[in-house]
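Structures for review follow.
Each of the next two complexes has chain A plus one other chain: chain B in the first, chain C in the second.
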Partner chain A sequence: MGMIGQHLLNGLMQGTIYGLVAMGFTIFFGVMNVIKFSHGDVLTLGAFGGLVAAWATHALGLPVGIQLIAVFAAAMLLSAVVGAGISHFLIMPLRNAPPLNMLLMTMMVGTLIREAIRLFFPNGTNPQRFPELLPSGGFNLGNVFVRNDGLILMVAGIASIAVVHWIINRTRFGLAMRAVAEDVETARTMGINYARVIPLTFALGSITAGFAGTIYGLYYSEINYGMGLLLAVIGFSAAIVGGLGNIWGAIIGGYLFAGLQTFVVAAIPSMSDYKNVFAFVLVIVLITWRPTGLLAERGSERV
Partner chain B sequence: MATMTKRTFTALAASGVLQLARGGADQAYAKDKVKIAFVGPLTGALSPHGIGGRNSAELAVKLMNADPTTKYDYELVVLDDECKPNVGVQVVTKIASDRSIIAAIPHYCSATAIATVDIFNRFKLPMVVWAAVLPEITYARKYPEVHRVSGILIGQNRVGAQFMRERGYRKFVSFVDSTDYGKSMNKYFAQFTLENGNEILGTFAVPPDQQDLSAELTKIKELKPEVIYFGGLTPLGARLRTQMEKLGIVAQFEGNSGIMGDAFIAAVGPELAEGTLTFFDSPPISRMPGGKFFTDNYAAAGYRDPPEAYGPFAYVATRLVLETIEKTGPDRAKVTAALGDVKDRPSIVGPINFDDHGQNITPLTTKYVVQDGKWVVWEDSEYASGKRKLKNLP
Partner chain C sequence: MTDLSDMSRVGQLAGDSPVRTGAGTLPRSGQRAHRWPLVAAVAFAATALTVLVLIENQKLLGLALAAIAAICLGAARFGGVAATEAAAADHPWLLRGLITAATLAVLFVLRDDNFGLLMLSTVLIYATVCVGLTIQMGYAGLTNFAAAAFVGTGGYTAAMLGQAGGLPDPVVLVTGGLVAVAIGSLLILPVLRTRGHYAALTTLAFGVMFNVFLDANELLGGPQGLKIPGINLFGWDFSEDLHIAGFTISFYANYVLLTGALAALAMMLAGLIDRSWIGIWFDAVRLDETAASVFGLKIGRWKILAFTLGNFLAGVMGAVYAKMTGFIAPSNFTFGDSLVMVSIVILGGIGNRWGVLPAALIVVLLPEKLQFIQEYRLLLYALLVIVILIVRPDGLVARRVRKLNLEARS
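Our next item is the complex of A and B:
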């Protein structure tokens, strides 16, 4: 445990990605009571969109800074469009159906997205090398090695969480979202355009997925068509642990999950293979102990 | 509509009879079709190896069919196991229950191969493994249907441990995937490394699809090894090498046959791959007895993808099966019996000698190092001459 600082830093980076994914789940559930199981696949699609943008801007000989902006913009735009499309064409028509129908439908959409990438993206069955657009190398802070790209991405991730929080709590759109989350009918009678708020909410949640997918690609230098599967399970679990519907709960759940995975490897010898087992056992214990999650009761306001 | 006259009808009928007769005669001279199956990863992260193997097996069939003296017309049935044991079991069950398939050339991945050996035995389908190197595939049980032209991982680890000791390395960390293959790699790596008096500072096993290795690598950094030994396949190996660099770990990277091939260098990039060591069960194809023949024909066939490290073995396994069918006829039991008797059979990788477990005992473990984006035999490299240096040399 001599490198506690290093493990903490690793956990923070992973936790930021998990937190971003969990935040998407919590936004969908908070407003629409929908558990969107295609969220991880929208993340993957965003990352692949970012990859295409990287190829295109590189081919055009544009500077690295522009390439980076294009990668994030493409990933978030693609995710937003797909997220809004899912809500408009699939979620809205099913809004009065039993919740199980919606759950099943989002799972199927996820499978469709995943298989489409595998089948139609060039060489899509194989892992794709994501270009390194951020400064490589790093510096030592005591005995902690700080990766330049990791630091930038972590700051960007935390900033994006703050931006989403600001949107939800400080803008008119956020107010409308919260009103819909609280009581749909009352919100409608107060003149809130329900049909506009829902797709925009899904677009916002999906943008966080696209953002997380790009961070993932830039951090690990590799993406693949199946990467969203485990990320979605972990993100969903983190959202549950934190308290589904509560943004801060999702973030805390993400960091808790990553922290636990890191702790298992760091503190218990030869336990690498069991780190997910430990993390999921904790989820089971926490849910049994506190079925509403860590923050659901304290934060009575959803989203 | 014009009425058909009696004469026209008679002419048409006569013509039809003649056609039928001619067709029958043609069939009498046509060779019987015989099917064999190739199984490997054609999709997924390990598909470069699977496609290289598939092309090589296909080449063997093409060349055999082009020979006018052969008794049969061969067809290669190609199936994708995705390097997943559950998929492997499905596709092998499918080919094994198809009685028109006489023999098979299966598997790149050991974890898949070990899951399917029982099926080959149960359905009495003879097979020759073309790549998977886990010892238990041939040695765990004595199945007459199971044979293997590639080597086993024991030799790779023995040679590797000796080589590292000779260089003066003392402190190792073992990083393996958590499949049977990875566990076996770790077992023999540990056995030979400890026998040599060297020290293993830590052992890490992770699932082959684990993306984030930072927690493990932080622990490894703390242990300060001179060498990181890797027992797994290309995707995880490439991820490990990339993330080692990102975390600032300067250790010599040592792999085995699982990372041998162009795919590893492509995935890591030539700069990062530079100096990587690997121990593989044969010399380069150019130095094999039929190396020129194989590379010339592979190039002439116009395949877009390279044969990768195990392509020549896939060719040899297929050729061996075809030659055996030529001798015995398309009969599973006879082919099984004849394969069991293979001794000193010439092939492009040297003579094939199966022991009493169907294991080829002639592979020659060779030491390789990446130099300028290519795998180079150690003795020919600038590392051996002292012009370049491995990392952390004492």
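Our next item is the complex of A and C:
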């Protein structure tokens, strides 16, 4: 029984990261109708920014708490700036082009970021060790060993999801965002500053990517230039399974995907190499069953 | 923000609404267009291709690239492209003859350049797969992010049949295509039920899944891959150099001829589809499914046809590719490779089958040739695609608007 609990805990941690990534996809899609495939690579970039901040603050001999704040701040700031820059200079000019062009553009931007990290980060081809800044050790809860840092990160992840939800549903900026999402032209007639809402939306989505990247680094103690690709595919799947444009759907999708992986590893250990195969098969089956995601988009079919 | 999705259709519709296709019947006055632009264009293309393959010196290569780009831009600026298209439409047999002659001339010049010929047939294989993708994505509007998986299915089929032995190679190639169709039919249900990004996901998930599966499967060689014997067509061994009239011709010329012939067949097939009513039905399905079904079109039937044709082409070319290189591994068929194929289709000008040729050349040949940037080639490739997407959003050879104005033709 202990094993199952342990697997469940790992699944929850994985699911929090997936859910965060999926939430980013959903924010971009909801407001801009864009699948921003560079999301995973912005996440990687954020993690590497956090790593540099950790090195710098460590070299200055600052206390661990400050280091931790610096890591998160650097990751989120870097990803916000880069995300807003990408949207402003590369994605917005294409907004009247066919949707596939936009998708290809974001994929290419992602490749650009990935390759830039590989080529220009010192020793970028190899995995980088991420410093352990959180209290190590843990405690036993019944038969389940709970890692302290894992618990902290999971709480932080869930808290950040709640914060994003609050921003979108309770602030003026969130209201403007939802208005733009509903109908750009009407929102502009109502006096919403479109030119400011869009970059801020991209910044918000990218901040969640940087946050997720840092959590990933702190939890697995290792990051590499290519980690964003599979995370992006999984995050995209999670967002789609939940129903694009729906934040709760994205989070449910994230936990569901992690749950499927965990289930395969726990139930058929000999097939654990195939865990992503099973997870993707189930994603395809789910999509076939509910073609617009579990929490389907509201409103009638768009014609 | 439970529903942020119902927006920005205005922009999409504005960019998409005219029925666009490559087989536009331009309203013209009665006389036939001149032949010369066509002759000049084919001669230029053949020369440019040969020069690009032959030049080793990187500085000269850069100069040649700049010159070719300048000539292309100049020709487009002063109406040369339109004149060539008009000539090609008016003299189809001249076009076919010229292409055949140019192919033979290029083959003769490159007769003992193994690497160059290998690259040429690789370009042709990519182009043919992308003609299939054009039928799926450009004509019927089915996004397919698993093209490399279907190519891989054909390749692994050829490898397994090669190990079993006994079957003649033409059968092996066709079987590769059929197995790709069979595997693809597992995806028919999700593809038919979903649209847009959701459909993109099902193929994407399938592509990633396929790769993970290959990597983990011992029977298929795992990450190490499989070896495959070369092609033998009716006693004509493709892996032996030819000796004709004192000239030694590299065995890769066989593959260039085969892939060239298959590419031509695929082009003709796509052209026939585009010119027929099927092409118009595809247009209707792509542009507005609801409206098309209101008018009584069986949406599912046309989607299945497009999906099947495209996967068949991918499977056959996968088998050819596997037999040509003599070796396949999961790393040949990753999501990145599918992405390369999709970018060829979009760069070429989605829905225009001729666009895949220059796009495949740029995407496949250039990174191979620019050795001094070996390390940076993916980076530069991404940059190049980004620049093309910004400068020419409709692709290198833009699709023309279909004008269903039959009087204008007579």
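Here is the rule we go by: the second predicted complex is superposed on the first by the 293 of 303 C-alpha atoms of A that agree within 3 Å, B and C clash if a C-alpha of one lies under 4 Å from a C-alpha of the other, contacts with A are read in each partner's own complex, and residues count from 1 in each chain.
What we mean here is this: contacts are C-beta pairs under 8 Å (C-beta built on N, C-alpha and C of every residue); 3 or more make two chains touch, one makes a residue touch a chain.
For clarity, every value in this text was computed on a predicted model and none was experimentally measured.
Asks: Identify whether chain B and chain C fit side by side or clash on chain A in the overlaid structures.
Replies: Verdict on chain A: chain B and chain C fit.
Asks: Kindly classify A:Thr288 by the partners it touches after superposition: chain B alone (first), chain C alone (second), both, or neither?
Replies: After superposition on chain A, A:Thr288 lies in contact with chain C alone.
Asks: Is A:Met108 contacted by the first partner chain B, the second partner chain C, both or neither?
Replies: Only chain C; A:Met108 stays clear of chain B.
Asks: Is A:Val81 touching the first partner chain B, the second partner chain C, both, or neither of them?
Replies: neither
Asks: Could you let me know whether more residues of chain A are touched by chain B or by chain C?
Replies: Result: the larger residue contact count on chain A belongs to C.
Asks: Given Cα centres, how many degrees, to the nearest 10, is the angle at chain A formed with chain B and chain C?
Replies: Once the two structures are overlaid, it is 70 degrees.
Asks: Name the contact category of A:Ile158: first (chain B only), second (chain C only), both, or neither.
Replies: Neither: A:Ile158 stays clear of chain B and chain C.
Asks: So, A:Asp273: does it touch chain B (first), chain C (second), both, or neither?
Replies: A:Asp273 sits against chain B and chain C alike.
Asks: Should A:Ile69 be classified as contacting the first partner (chain B), the second (chain C), both, or neither?
Replies: neither
Asks: Who does A:Tyr220 touch here: chain B (first), chain C (second), both, or neither?
Replies: first
Asks: In the overlay, answer first, second, both or neither for which of chain B and chain C A:Asn10 touches.
Replies: Touch status of A:Asn10: first partner only.
Asks: Closest Cα approach between chain B and chain C after superposing, in Å?
Replies: Taking the overlay as described at the top, chain B lies 5 Å from chain C at its nearest C-alpha.
Asks: Please identify the positions on chain A that touch both chain B and chain C, taking each partner from its own complex.
Replies: In chain A, positions 273 sit in both the chain B and chain C interfaces.
Asks: If we count contacts the way the header does, which residues on chain B are in touch with chain A in the complex?
Replies: 43-45, 47-48, 178, 202-207, 209, 211-212, 214-216, 218-219, 221-222, 235, 238-239, 242-243, 246-248, 267
Asks: Of all residues in chain A, which touch chain C in the complex?
Replies: That would be residues 26, 29-33, 35, 90, 93-101, 103-105, 107-109, 111-112, 115-116, 119, 168-169, 174, 177-178, 180-185, 229-230, 233, 236-237, 240, 244-248, 273-274, 276-277, 280-281, 283-285, 287-288, 291-293, 295, 297-299, 301-303 of chain A.
Asks: Give the list of chain A residues in touch with chain B in this complex.
Replies: 2-3, 6-7, 10-11, 13-14, 118, 125-127, 129, 136-138, 145, 147, 149-150, 220-222, 224, 226-227, 261-262, 265-266, 269-270, 272-273, 275
Asks: For chain C, which residues are in contact with chain A within the complex?
Replies: Going by the criterion above, the answer is residues 1-12, 14-16, 137, 143, 187, 189-190, 193-198, 200-202, 204-206, 208-209, 212-213, 215-216, 288, 290-291, 335, 339, 342-343, 346, 350, 375-376, 378-379, 381-383, 385-386, 389-390, 393.
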